[in-house]
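Look for chain A in each of the two complexes below; its partner is chain B in the first and chain C in the second.
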Partner chain A sequence: MALTRINIGPVHPSTHGVIHLVVDIDGDTIADVEPHIGFLHRGVEKLTETRMYMQNPPYMEKLDYIAPMSYNEAYVAAVESAMGIEVKERAQYIRVILLELQRIASHLLSVGLLCNDLGQMFTGFMWTFKDRDLVLDLLQEAAGSRMFYVNMRLGGLNRDLPPDFADHANETLNYLEKRVTEYENYIEKSPIFTERMKGVGFMSPEEAKNLGVTGPVLRGSGVDYDVRKNNPYYVYEKLHFSTKVLHEGDNFARYKVRMLEMKESIRLVRTALRMLPDGDALGMPVKLRSPNPVNRIATVNRELPRGEVYMYLVADPQKPYRLSMRSPNFINLAALKHITRGQRIADLFAIMGSLDLVMGCVDR
Partner chain B sequence: MLINDLVNISFWTGSPDIVYNLIGIVLFVIIVSIIFSVYGYVIGWLERKLIARAQYRHGPTYVGMWGILQNLADLIKLLAKQDLALENADKFLYTVSVPIILALSVFIILILPYSPSLQATNLGFGLIIAFTIISFLPLLMFTSGFATGNKFADISAQRSVLILISYEVPTLIVVAGIAMLSGSYSFQGIIQAQASNFYFAALMPIGLIIFFITMLAEFERPPFDLREADNELIAGWLTDYSSPYYALSLFIDYARMFLGSVLIAILFFGGWLGPILPPIVWLLLKAFIISLFIIMIRATAFRMRIDRILRLGWLWLVPLSLINLIITYIVFVGLPT
Partner chain C sequence: MKVDREKLTSTISSMKGKGYDYLVKITAVDYVDHIDAIYILRDMEAKKDETLEVTLNPKDLWLPTIIDSHKSADWYEREMSEMFGIEIRGRRALRLLLEKWDGTDPPLRKTFQWYAPYNTANPKK
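And now, the complex of A and B:
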């Protein structure tokens, strides 16, 4: 039978961000998917070369607008590495707390969007969005704003945690823990959900390694790799936690890894709050002139909510000479072509939802 | 009761004088149109409000009191838009399909009885006529989908046929069971049979469940709304319909909602039967509760996939409906009296 070519996007009700998919379908089955990217390309990597070091974090946050703080932290860590700056211990704890809160917020949105991709009329999305707001409230208390924080400073943060932060955080986390369990009951007990998720979009461990996918997508395929464990940074070593690995390799495993990671992050934040040492957490105030780098090349890898980012910074005095990023979403998007082949057209967006893509990070 | 005496349609239509008959029919059409429009409008507003409430939202609030005029505002906005069709559209089918779907839906609404006095005529084969036309509707969606010349509409049209072949069979088998129980093909006969006995919902619960599911599938309600699956198909067979046609499609939605609810109320819950309140109020009350149930399903359900729908239809609904038919025959009809 002849293939039909349909164009999905760049304007479509349910693409995650601005992406154009050229899909060849045979009846209702996908023969091939060709993602066309670049609609959100802003030349951020080049842009960083024209700015002072601490002028760049606002650009970094706009790359992954669902988990901005994580990206920001990865960049600041690269600069710190180039300048040989040690992060204060209290600041390390606070950064871990904020990063894990950001991970919870990001995964909540991901699960909600997945419900939407499976044809539910926004109910799951609105529920998780409401809970995400509670996490954003916490981040606002800590960082001063809700969406784009720019709170990382060289060697620390822009401000210390407010005195009643731990109480608020524990209250919210207790509530969230209940809610995540509730979501699991509510979503997974739906036979339509499990039917549409299990066995769909299969990726074998070998395929996952060859494609280079990272994050929950990789761990859903049964490969135990998490930068927080394999190449620990900050105080992650001291905060005993486990990585969540599932071996099914399908949509459901990827979704489930996110659910389990949320619970693990809740535990992690609690532990970090308990172990939070006294002291100073403030970093260097932002001035146009920053200290001169001691290392020419700095590399940093970080576990973002969506996968591993690898920052490669070639440092000049005052400005980056070159900043190159291995974007997790870009490489996860490459897997789309491989795992959608032979699936139903209705599952295309479920698979995209399970990959949890953010186009700002893909296009850069 | 006063209303029933004033507009006693069967008095007009039962008269031997043709002028009286015509007046009766015009009166009936006006009354039913008002009922159907008000019901559809209220349900359309409630659908937005209830789903919003299920999602921690408020729904429409600005236009009118509690946003009650929101749908009217949307309708005016739609009608004010430009009507565009693709170059390669089949102009005749494109123009004709959507109005015909609405006309046929309204036709079925007009042959239903609403109270002992509010009915156009006592059609001996009303049940058969209604379900013939209902089976015909997906075919028209198929033609209109192809007529627009849009690829998303094409996929939707193919799905429409798959739904047709998997859901017509169990629907008609259940309807056969109803005809067997009541010994009549007319809606009035079915309601009379329930007046002297239990409601059919109590006599054939399996049949009720199957019929409810198939009605959801026939009328594109979630979780079977994959002809209009907005995630992958934008708006399905309606993708390239704009302005007046899209507005008509909203009417079709409400018409089918009303039709499905009233059909279930008549076939399984005794139609207008009930104490104290006037018959028409009972019928609308029953239909209203069924509609609310359908709305709440929309607020929670995930969408099914087409292959799963075929599987559900042929592996579960067809055998179950046959079992339902056999049980009905053995228990209620075949027993020697």
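And now, the complex of A and C:
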């Protein structure tokens, strides 16, 4: 039977960004999907080679604009590793708190958008978006800004937490914990949601490893790998948390991993706030000239909300010689072609939504 | 770990048998007189990463594909080929992934000319 070719995008409400999908369908079964990317390519890797070390964080934040702080932190950590700078203990705790709050904010948006993609138009999205705002309030208190924070400094942060931050945070977290359970009840009891999620977009553990997927997508396929656990950084080892792994390997498992991770992040933030030591958390003030690196090559990997980022930094005095980033979304999108083959065309966006892609991070 | 280009495919497939079954990243660094292609592999059970380096002469830029061992190499190889001008042998011609080619050098090579160079040593110039 002859295949029909349809073009989706580059501008389409369900693609969550600018991407062009060329889809070959046989009836309503997908025969092949070819993503065309690069619409948001800004050449950030090349740009970093021309800027001083601490001129780069604002560019890093524009890569993954749903979880900007996480990307920024990974870059600053790579620079710290190259320069041999130790992060102050209090700053380590605060970074963990902020990164986990960022993870909650990111997952809330992801779940809301998934509801949108599956036809629960705007109800789920507005609920999660409203709650995400409360997390952004906390981040604003701590970092001074709502969307792009640029609050990481070498060895610490731009400012300490405000005195009443712990109270505000605990209040918000108690509320969020209740809400996340409510979402689970609301979303998972809806047949519109479950019928297009359970058993759709299956990926086996072997396939997941072979395709190189990462983050909740990998853990939803039953591979227990989380950088926070397997290659711990900062104080994650002291905080005692568990990684969330589900073995179903379908859309639903990937969604559910995010839900469980949100609950775990809430617990993590609470523990970190309780254990927060006194002391100084401020990093070096931003100056154009930074200390010279002691290591020529620094590699750092971090668990972002969407998966693992791997920074490979070749350091020159004053500016990076080469910065290579392993973008989690890039490799998750590359897997789309393999997961969607043989699925229904109507489920394409359910699968894409479950991968939780941010195109700024794919294209870099 | 340094590897010869000729032994790359066999090294990676034998490492896959030994547990390094997850490809983290393929990238390259242009050191002007030579180019290093970098393959980062991971053994998830043993929590170990291994970095393979293949040194290439800029006048003889090609690498064998490793797509038979790791499907995830597909896009990484395309990206590397586009950004560094490295020919990937053993698979069909690669469509550009991220950019449109405008006849200049590959973007991540040090010979790439900026339209308006930014002088970091003296920003006012």
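Operating definition for what follows: the second predicted complex is superposed on the first by the 364 of 364 C-alpha atoms of A that agree within 3 Å, B and C clash if a C-alpha of one lies under 4 Å from a C-alpha of the other, contacts with A are read in each partner's own complex, and residues count from 1 in each chain.
FYI, a residue touches a chain if its C-beta (ideal position, glycine included) is under 8 Å from a C-beta of that chain, and two chains touch if they have at least 3 such contacts.
What you see is a predicted model; the values in this text were computed from it and never measured.
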**Message:** Which partner chains sit in contact with A:Arg267 here, chain B, chain C, both or neither? Use first/second/both/neither.
**Reply:** neither
**Partner chain(s) touched by A:Val314 [first = chain B, second = chain C, both, neither]** = second
**Request:** Quick one: classify A:Arg159 as touching chain B (first), chain C (second), both or neither.
**Result:** neither
**Prompt:** Where does A:Ile6 make contact in the superposed view: on chain B (first), on chain C (second), on both, or on neither?
**Reply:** first
**Prompt:** Of the partners chain B and chain C, which touch A:His41 in the superposed model: first, second, both, neither?
**Reply:** second
**Request:** Determine, under the contact definition given at the top, whether A:His338 touches first (chain B), second (chain C), both, or neither.
**Result:** second
**Message:** If we overlay the two complexes on their shared chain A, which of chain B and chain C does A:Lys62 touch? Say first, second, both or neither.
**Reply:** neither
**Prompt:** Touch check for A:Ser324: first (chain B), second (chain C), both, or neither?
**Reply:** second
**Prompt:** Following superposition on chain A, which residues of chain A contact chain B and also contact chain C?
**Reply:** none
**Message:** Applying the document's contact rule, which stretches of chain B touch chain A when the two form their complex?
**Reply:** 51, 54-57, 151-152, 154-155, 158-159, 222-223, 225-226, 229-232, 234, 298-308
**Item:** Of all residues in chain A, those that touch chain B in their complex
**Value:** 4, 6, 8, 12-14, 25, 27-28, 115-123, 126-127, 130, 190, 192-193, 195-196, 344-349
**Complete:** Given the complex, residues on chain C that touch chain A span 21-25, 27, 29-30, 38, 40, 44, 47, 49, 51, 70-72, 74-76, 83, 96-99, 107-108, 112, 114, 117-118, 120
**Prompt:** Mind pulling up the chain A residues that touch chain C in the complex?
**Reply:** 37-38, 41, 43, 45-46, 50-52, 209-213, 223, 225, 230-231, 299, 301, 308, 310, 312, 314, 318-319, 321-322, 324, 326, 330-331, 334-335, 338, 363-364
